[in-house]
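The two complexes that follow have chain A in common; it is paired with chain B in the first and with chain C in the second.
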Partner chain A sequence: MTLSDIMFYLFAGSILTFSVLTVTSRRILRSAVYLLFVLVSTAGLYFMLNYNFLAAVQLTVYAGGIIVLIIFSILLTSHVSEKAVVAPLKQQIFSALAVAAGAVLTLMTIFKFAFTPTASPAIESNVQNVGRALVSYGRDGYALPFEVISILLLAAMVGAIVLAKKEKHLDPTEPTSNN
Partner chain B sequence: MGFNIYDFTGMTHNMHVSFMEHMSPLMTTIVEWTIIGVCYLLFIALFGLFLVYAERKVCAMFQQRMGPMRVGYWGLLQTIADFIKLLMKELITPKGVDKFLYNLAPFIIMIATFMAMAVLPFAKGLQTLDFDIGVFYVTAVSSIGVIGILIAGWSSNNKYSLIGAMRSGAQILSYELSVSLSLVTMIILAGSMQLSVIVEGQRDAWFIFKGHVPALIAFVIFLIAGTAETNRGPFDLAEAESELTAGFHTEYSGIKFAFFFLAEYINMFIVAAMAVTVFLGGWMPLHFGSLESFNHVMDFIPPLVWFFLKVGGVIFLIMWFKWTFPRLRVDQILTLEWKYLLPINLVNILLMSLVVLTKFHL
Partner chain C sequence: MIGNISLNSFLVISTLMFFIGIYGFLTRRNLITMLMSIELILNSVNINFVVFNRFLYPNQLQGHFFSLIVIAVAASEAAVAIAIIINIYRNFKSIDVENLDQMKF
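Let's turn to the complex of A and B:
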């Protein structure tokens, strides 16, 4: 067993363990931290594949962005001593069945797929290549997805501002503050 | 084993070859990992302690005091004595904390710090990892550190810690934008994110001279945002001692508190080292176009000395901020970022693109 095999099993093992812990933990912030470990281990796998760009994106977007937002919302809404209630048995059984079905489906797809090792050299993820992929609209170009996601994010931001904005209309029963 | 103070490539290569001769590849990797790990640990512990000493002396200078003078010559051993005291202190775990997360938080911060250290080029050939996305990697791993702060604040089960963590989280999340965008400005000029390539590109002129106006604006923004990223004054309202006792690390004692403290100072070093690498030529000596004799004299100073001189200068600047500016309010901090730094940064990126396109640089 070579060192990279050992590293792979380490990362894969931690992904599996922490995924299970994420859904079984009854303390919500612990779940978020276990999820962080899963995402960081995935980034480790990308680093092992020498796909540094994707690994750094994984760390920035998921670990540094999404997990921080999740933790932030937990900080605002829950207390240290809170524990999630245990779901009723019927719900547990059906969730387990759904998860098992999903796992079987994924495994079948993976085992049926013929993975062919490629001989072509890896494309370097330098600034030039990343920039060209981002603005090109042909095959393997990301111009359209980038624009679509930008519009989606803009809509989400406008929505958030509208929701968070205080309503302007005055309540006649309430005394005004400026006299 | 040839030891050349100007180029460490040969030395590290020779070490690797001689290890390979005597050991199996697996053992070689493990031995090399251990050596690198011990080097980083020693560096972080000693340099962190030195920075704490430097901060106390700088603070004393600004306040017309002497600072620590009793332990060692000019108080040089003061922080080592403090460190031994912290090691001996009892580790108190308050009632009602989430024990697992409470103990995990200092390590998350330390791990993020260690990961960011891994790509810094100290001198030619003295760089552990040289990713093709070096700059992006540093911003990616340093964004994990804030998770440690948030977890520390929440799991302590203390209102001051929680408020401190929330403030610090909001601040770091917003200023991350400015740090990354000012680095993007310089990436446009450098044409690469690989730190060794960036340093090599500054052989004739440092990027702050090469990119003149936009580079200067980016440098100022990077310094402001970098200071905010490390939660240092005037942006230290996350641990404002007059209102929050100590912010997110109120409930930590002994060595766990020391971890937060050390991580803060090493993060300051990382910000300074990134500023030096991207703007001030990294370990490259100061060169002026046609002054041949001057350039030769500068070449004579070893790169490690250059690197630490520049880093020391930037660190002094950051300490200067802390001891001269009053602390900002939370709304002022967010206004500064979202209403001023971010628009200036975006315009600056356009300006830099124009400069690079029209080749209007040195």
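Let's turn to the complex of A and C:
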């Protein structure tokens, strides 16, 4: 049992435990914090796989950005001590059965399939290579998806602001003119 | 730094996480917790892409970039979804899916 084994099992255990807690916790704010732990452990897995840039992005965007957004919206829409309504027991049982069947099927397929790695030499995934690939437009270049994702982010940002903007006329009977 | 951990152990984790997310999506009744289940699902798919890239095709960075783009899409999706949820809360005073049947035919 080497150190990397111990780290892997630590991350794996915390990912599984906190994912279960995320979907079963009755308090919404707590389940958001459990989701934060899941995402941080995933970033740990990326560090283990030597993708340092991706792990940093995971930590800043997911753990830093999305979780803060989710916690803000929880605080805006419900009380901190409010408990979530759970689905009826019958629905829970049938969902658990369907999910277990799907998981067993997928795991059987995974263990049966023979993955064959490529024989080509590995390239280093340091920030230099990542940055070069992100802006090059030739072979193995990702300039087009990079531009597309920036347009998408801009559109989502504008859309979110427009959607969440408060209307001037709060009286529902009075017709609003601009939408 | 991977040591002798096999590809399959990573895939088992991501599979279990994916199906836990689906369970949450099916059983939760609150829009924000359903959104959190979707984040779990997206995250497990990310793990798959990264692990396949590292173990099977280490000569290129396709899975790495796919995960980066999925993270960006997840961020924009969360922003728009939360804007919609806040708007729904303003109009209905509730974000419970049971109460949101206004547009049902």
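The working rule: the second predicted complex is superposed on the first by the 137 of 179 C-alpha atoms of A that agree within 3 Å, B and C clash if a C-alpha of one lies under 4 Å from a C-alpha of the other, contacts with A are read in each partner's own complex, and residues count from 1 in each chain.
Convention: contacts are C-beta pairs under 8 Å (C-beta built on N, C-alpha and C of every residue); 3 or more make two chains touch, one makes a residue touch a chain.
What you see is a predicted model, and the numbers here were worked out from it, not measured in a lab.
In the superposition on chain A, contact is made by A:A84 with chain C only, not with chain B. By the touch criterion stated above, A:R27 is placed in contact with chain B alone, chain C being left untouched. Of the two partner chains, chain B and chain C are each touched by A:S125. In the superposition on chain A, contact is made by A:L36 with chain B only, not with chain C.
Touching more residues of chain A than its counterpart among chain B and chain C is C. By the document's definition of touching, of the two partners only chain B reaches A:L75; chain C does not.
Contacts of A:G65 after superposition on the shared chain: both chain B and chain C are touched. In the superposition on chain A, contact of A:A56 is made with chain B only, not with chain C. The contact surfaces that chain B and chain C form on chain A in the two complexes overlap at residues 2, 53, 57, 65, 72, 74, 76, 125.
The touching residues of chain C, counted against chain A in their complex, run 1-5, 7-13, 15-24, 26-30, 32-33, 35-37, 39-40, 43, 46-47, 50-51, 54-61, 64-65, 67-69, 71-80, 82-87, 89-90, 95-96, 98.
Partner chain C is touched in their complex by these residues of chain A: 2, 4-5, 8, 12, 15-16, 19-20, 22-24, 28, 31-32, 35, 38-39, 42, 45-51, 53-54, 57-58, 61-62, 65-66, 69-70, 72-74, 76-78, 84-87, 91-92, 95-96, 98-100, 102-103, 106-107, 110-111, 115-118, 120-123, 125, 129-130, 133-134, 140, 142, 145, 149, 152-153, 155-157, 159-161, 163-164, 166. Listed in rising order, the residues of chain A touching chain B in the complex are 2-3, 27, 29-30, 33, 36, 40, 52-53, 56-57, 59-60, 63-65, 67-68, 71-72, 74-76, 80-81, 124-128. By the touch criterion stated above, chain B contacts chain A in their complex at residues 26, 29, 96-98, 100-101, 104, 131-133, 136-137, 139-141, 143-144, 146-147, 150-151, 153-155, 157, 162, 165-166, 169, 173, 176, 187, 191-194.
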